[in-house]
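Here it is, the structure in full.
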Amino acid sequence: MSGANVAFGVLAAVMAVSAIRVVTTKNVVHAALYLVLVLAGVAGIFILLAAEFLAIVQILVYIGAIVVLFLFGIMLTRAPIGRAPDLDNDQRAIGAVVAMFLFGVLGWILYDGFGDTQLQLRDVGRSGDVGASIFSTFVVPFEVISVLLLAALVGAVVIARRD
Amino acid sequence: MVLQNIWVIPAITASSFVLILLFGRRLPNKGAEFGLMALTMTFALASIGAAQWVGRPADLEVEPASTIKSAEAHDEEGGDEDHGNKSDKGHAGEGAKEHAGEGAKEHAEEQDEGGHGAEGTVAEAGEGDEDHGGGHEAEPIRRPVDRRWAWFQTGDVKVQAGTHADGLAMAMLFVVSLISLLVHVFSFSYMHGDERFTHYYAALSLFTTGMFVLVTASNTLQALFGWELMGLCSFMLIGHWWDRDGNKNSSAALKAFFTTRTGDVGLLVGISILFFAAGQTFDIETTNRAALTGQIGSGVLLAAAAALLVAVIGKSAQFPLHTWLPDAMAGPTPVSALIHAATMVVAGVYLVARLYGVFWVAFDIGGGGINPVAVVGAVTILIAAALAFVQADIKKVLAYSTVSQLGFMIMALGVGAWTAGIFHLFTHAFFKACLFLGAGSISHSGSHHSFDMVKDMGGLKDKMPWTFRTFLVATAALAGVPPLAGFWSKDEILLGAGKNGYGLFMVVGLIGAFMTAAYMTRCVYLTFFGEPRGAAAHHHPHESPPLIVVPLQVLAVLSVFAGLLNAPFFGELFGKWTSNSTVLGAGIAHHEFSLVAAALSIAVAFGGIATGYAYYWKGFRVGSLRHDRGPTGMLYRLLVRKYYLDDLYEGFIVRGIREPVARAAYWTNQKVIDAVVNGAGIAARGIARFVYEIIDQRGIDAAVNGAGIASSETGGLLRYIQTGRVQQYAALMLGAAGVFALALALL
Amino acid sequence: MYLMQFLVLAAFLFCVGVYGVLVRKNAVLVLMSIELILNSVNINLVALGVYRGYDQAIVGQVFSLFVIAVAAAEVGIGLAIVLLIYRNRASIDLSEVDLMKG
Amino acid sequence: MNWFDDWALTLAVFLPMVGVAVLALIPRANEDLHKLVALVTSGATLAVGVGILTRFDYSRSRMPQFEVDRGWIDVINSRYHVFVDGISLPLLALSMLITVLCVIYSWNHFPEPHNPKAFLILMLVLETGMNGTFVAEDLILFFVFFELVLLPMYFMIGVWGGENRQYASIKFFLYTLFGSALMILSFLALFFLAPNTAGQNTFDIPELVAAGASIPRSTQILIFAGLFMGFAIKVPMFPFHTWLPDAHTEAPTVGSVILAAVLLKLGTYGFIRIALPILPEAAEAWAPWIGGLAVIGIIYGALGCLAQRDMKRLIAFSSVAHMGYVMLGISTLTDYGVNAAVFGMVAHGLITGMLFFLAGSIHERYHTRELARLGGILKQAPHLGWILGFCAFASLGLPGLAGFWGEFPAILSAYSPAEALDEGLFRIYMVVAAIGTVLAAGYLLWMFQRTAFGLPKEEFSDAHIHDVHGPEWIAWTPLLVLIVVLGIFPNLLFGITDDAVGVVTQAFARVGG
């Protein structure tokens, strides 16, 4: 039982509980905060997988920007800040069945496919390599993503504009 | 040589069709000039071609089938194989060739160069098939002129289009182009002022093209082209006045096309069978040869012949598919003349004559037994002739007469009298065309567009002298009065039937001839004699204009002299000119002219005329002379003492025929056969409706809609699913994706 | 460490996200659930990248970065739409949004 | 011109998409420009098609030509592999021609709710899908194009259709999708079960043709069943045809034309290109059933026609009958049969496409397609009436017109099917199919009589009915000319297909062949 395994166990437990709380809590703001926990856990997992740059981006973008955006959204739509009884619709049972079924299928497939594959971490992923990769092999997708962001920006403005 | 280039003939009329269609309306004569020009040209070409054919040396020896079978196969190694382009060589296969094991391709190609190879393989004339009188001499015949072009290729078979010029084809070309030319001339005046004059001429051109294509075809597929082209044109022409009388005319057109098309099922099937049976070729000569040499199994051959016979019955209006022909009178009269005399209905006869080898072997025509071809012909002769007695419409009399005469031709072919059948076709064309055009002339100028002999005619003899004379000549020819055309050909048929061991069929023929003479007498009487009635009395009948009369005169002259072509005193030229390898290969017996038979046939013809004359003459006099007399001495007393015989006849024969038999026949015709045809249509609609409404809409479709219908009845399951709510869709989608993933994983 | 553990964690997050998407009425909460799903994908990308060696690990990270960028765009647009719906209907209850009903 | 050889097919397939992109950028109001762009695009595609036709080496029509083979989805070893040979060339040309003619025909009559922009975009997307299907030589690529045509057609019916369009479009979509689902399963099975010579799993059709025979017979039969469902629904064969009348009846004119002229051929083409050559043993096992369903379809379609009161529905049912002949030809597994099938596909495309054009034009003039209310078209619009008559005769298989060469050789081939098949059974099929020709004459002429002959019904006797006008002449003339030309010179088509068909049928020995 290495340290990494312990860390993974802790992170996974926190994430699992938080994720479940995100989709079950009766309080919208709490949901956002649990989401922060999950996202942070994901960043931790990234570190475990030797992707430090990604972990930092995850924290900056997700926790720093997206969650804040969510909080704004909650406020602007005047969602009930406290506990609200009817955040779920009437297909909780269906949802649970579908989700569990999917998890079963996926779990089984993964076990079938990678049941005893060990993960060898030889090298820490260098940010420089990531950057080089982005600007050489993946330069076109990168440009496309930037256009997408711009389009999203413009789109969000157009949609949300009050006129 | 016209013979190598007879493709020009259909090409001329086809281009005339196109030209009329494109430019007809803008011309002063509305397109008729193209038609007339084209037909004049084709007639000239056909005449020249026929002359060249006659002048061709007879140098091809043919031996009967039995010897072909026994002769060893000498396979000729072909020299240059030029795929049939532009080669004008004799026709292959006269030599005894069994293409055992040879692919069809070589077989087809060999057609081109078989000519020179043929001599080498001609076996010595051996023992002919002597069972049926006459005997057969291996007299040399003329070599047919073939020409082939590559047409298309499918599978490993190259199909060639081609022309086949021999005596039969040339005779047909001559008749068709001549009749068609006269019909064109006649129509120019007759159809003058018709609102679809241009269209009419275009259809005439195409119609003639169809017949030309059929006649010149070297393979069954091409023949099918011509065959169906005529079907199409008959549809257009019979339904020419589709805007008059409600649906009557167009229904007649439909019926014509539909009935012949029913027969065509047989043609499609027959051609398909023969294609494979003859070694994957459509070529007619090869097919005949294969049939005669026993290359084709008897079962297969029988199936093919039976299928083809169905087609013949449909096209040539034989019993029981003849019902369309009288209805087809709805078309313009010149069209009726064309259909009945030279094209369309004789196509069936022509087909049998062309594929005679197939029919000969399949039905064992040489054997002298009862065979379907002869039976069909014989039954048709009687049925149709009986029907002709009760018609009031002059065109229907003529129509039934045509059916009956076609029965003669078919019967002739069925009893092995090939030449006689073809010769009857040849002569019949002239006098039947004359009769139809005469009827047209009467309606045009004499009876104010009516065809009803009983109501609107009578006494036209003096008003329309030329029409009367020509009509009379043609009637006499049809009735078989010597020495007019019909006598020679009909006599030959009867002779052939008698000598070939078909005694029963000869009797039928005699009865038929008798009836023909009688009903034609009635027809002439009602039209030209007696008091004018109806339109003939009130609308100032007068002689028709020259363009109508001249064709009548031409045809009348031909009706007189055409028969001499094959008359024994003139060397029976027609038979020599038309005889071809198929026929001689079949070992057809040739019979000398018999005075007894001739006398019999003359007696029958005059008997018929006299009977009819007496009866109808009497029909307009006091009815006090009705006394029954014995049938003995009928003929003599008919001529001398009309009264008694009339009574006898009326009481015993004519009434017998006219009342129960003819009525029953007509009733059967209308109520049974027609009803079956109509009923089949209605039943098909009924079944169709049932299938559509019950099985299709409620059964299969319902099964498809099953989920939807069931759910809407039991609580709207499907509607519940389609709520428009994204999350439910998403649940479904993800669940389905899971299932799919599971399926993939399990695979 | 087994590769399995990361993948199963990701699968778990994914399924929880799916559950949230299916069950939540509040549009903002649905968007949050979608973020869960996207993150699970990111974990997968990175873990599988590591499994296939260093070069592929980099590629996996690059893809994760792209996903993050797309997620940002998506949240922006998504929230804008939510705001628009809210403005038009004074509610962001998704069970009342059934424009797709035929 | 090597450049052309490399790019011709890619151009043929994707040029319409360029047009779509251009159309998407033009404001909706600018209708004339839309029409122009659509015309130019489809015309340019046709020009590429003409280029292909001229550069095609007819002496080697069995060989792949204009071949392009590049990596596409490496993970599953699916490649962008396209070529044309003698079988796909006529169909490709047909689909290009029909699209152009449809654009021309639509010029002045876009169906309600108008919106030429969307309509033309859908048409061009359809063209990409159709062209792509006919040239694709990779199962995944084929599948993508095969499905690509579904969506535009769905919208065409669902938006521009008649009263019952919702039902018809959903039915069309679901039915065909159902078939595709089974089809893709079979594709996957082929992928896994038939590795190529290098031992790789592949979707490449020529490679699968070489490898397919190695699959055990029982498995082949199962895989063929999946393919059969996919293709038979598309054809459509009895008893999977019920979507067709509804879709045709409700679809806008142009939609019906494309549906009849090209989309139905995707199914039969699939049989010839994929099912037969890859799975020869299964084809032999299935052929009697296919042949049986085909002749049932012939009779059944004809009976269905006789019961119709709606002209367009009648023509739709006649498609069932005609595709029956095509399938009968295919089921014989002989050169003759498959040649006839390809000819039948083209001929049916030309003739039935024409009939749907006519039905549309008649509907536009009289605002009804009910046979009982029509009549006397020849009086009011003689050209229209005669063209209808011409097409009716072409459709019933009159020799000298194109329809004959799809019908007669199919009947002919049924007399002598491939060696593995029961001769007697197929001869029965032959006779039944021949009887079908009579019924065809019956319903088509009955329809012609009802609509064209006689006098116009009272309600229309004073109506001013336009005869055929400009765009209609332009759109129809090529079809009419082709019907005649192919009818007289069948070798124009047989010459192209024959050699290539030999490749398909070489797996099947023929009796005496």
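Here the chain labels run A, B, C and D in written order, and each chain numbers its own residues starting at 1.
The criterion applied here is as follows: a contact is a pair of C-beta atoms (placed from the backbone, for glycine too) under 8 Å apart; a residue touches a chain by one contact, two chains touch by 3 or more.
Bear in mind the structure is a predicted one, so any value in this text is a computation, not a measurement.
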If a chain touches chain A and chain D alike, it appears here: B
Interface with more contacting C-beta pairs, comparing A-B to A-C: A-C
Most centrally placed chain, judged by C-alpha centres: D
Separation of chain C from chain D, taking each centre as the mean of its C-alpha atoms, in whole Å: 43
Distance between chain centroids, defined by C-alpha means - chain A, chain B (Å): 87
Centre distance in Å when chain A and chain C are each reduced to the mean of their C-alpha atoms: 6
Gap in Å, rounded to a whole number, between the CA centres of chain D and chain B: 38
Contacts with two or more other chains, residues of chain B listed in rising order: 727, 731, 734
Two or more partner chains touched - positions in chain A: 89, 91, 94-95, 98, 102, 106
Contacts with 2+ other chains: residues of chain D: none
All touching chain pairs, where touch follows the definition stated at the start: A-B, A-C, B-C, B-D
Interfacial residue positions of chain B with respect to chain A in the complex: 727-728, 731, 734-735, 737-738, 741-742, 745
Residues of chain C defined as touching chain A within the complex: 1-9, 11-20, 22-29, 31-33, 35-36, 39, 42-43, 46-47, 50-51, 54, 57-62, 64-66, 68-77, 79-84, 86-87, 92, 94-95
List of chain B residues in touch with chain D within their complex: 150-156, 221, 224-225, 227-229, 231-232, 235, 239, 242-243, 246-247, 250-251, 254, 257-258, 261-262, 264-265, 268-269, 271-273, 275-276, 681, 684-685, 687-689, 691-693, 696, 700-701, 704, 747
Residues on chain A engaged by chain C in the complex (per definition of touch): 2, 4-5, 8, 12, 15-16, 19-20, 22-23, 28, 31-32, 35, 38-39, 42, 45-46, 48-51, 53-54, 57-58, 61-62, 65-66, 69-70, 72-74, 76-79, 86-92, 94-96, 98-100, 102-103, 106-107, 110-111, 114-119, 121-123, 125, 129-130, 133-134, 137-138, 141-142, 145, 148-149, 151-153, 155-157, 159-160, 162
Chain D residues within the chain B interface of the complex: 171, 175, 188, 192, 239, 242-243, 300, 303-308, 334-336, 339-340, 376, 378-379, 393, 398-400, 404, 408-409, 411-412, 414-416, 430-431, 434-435, 437-439, 441-442, 445-446, 449, 452-455, 489-491, 494-495, 498, 512-513
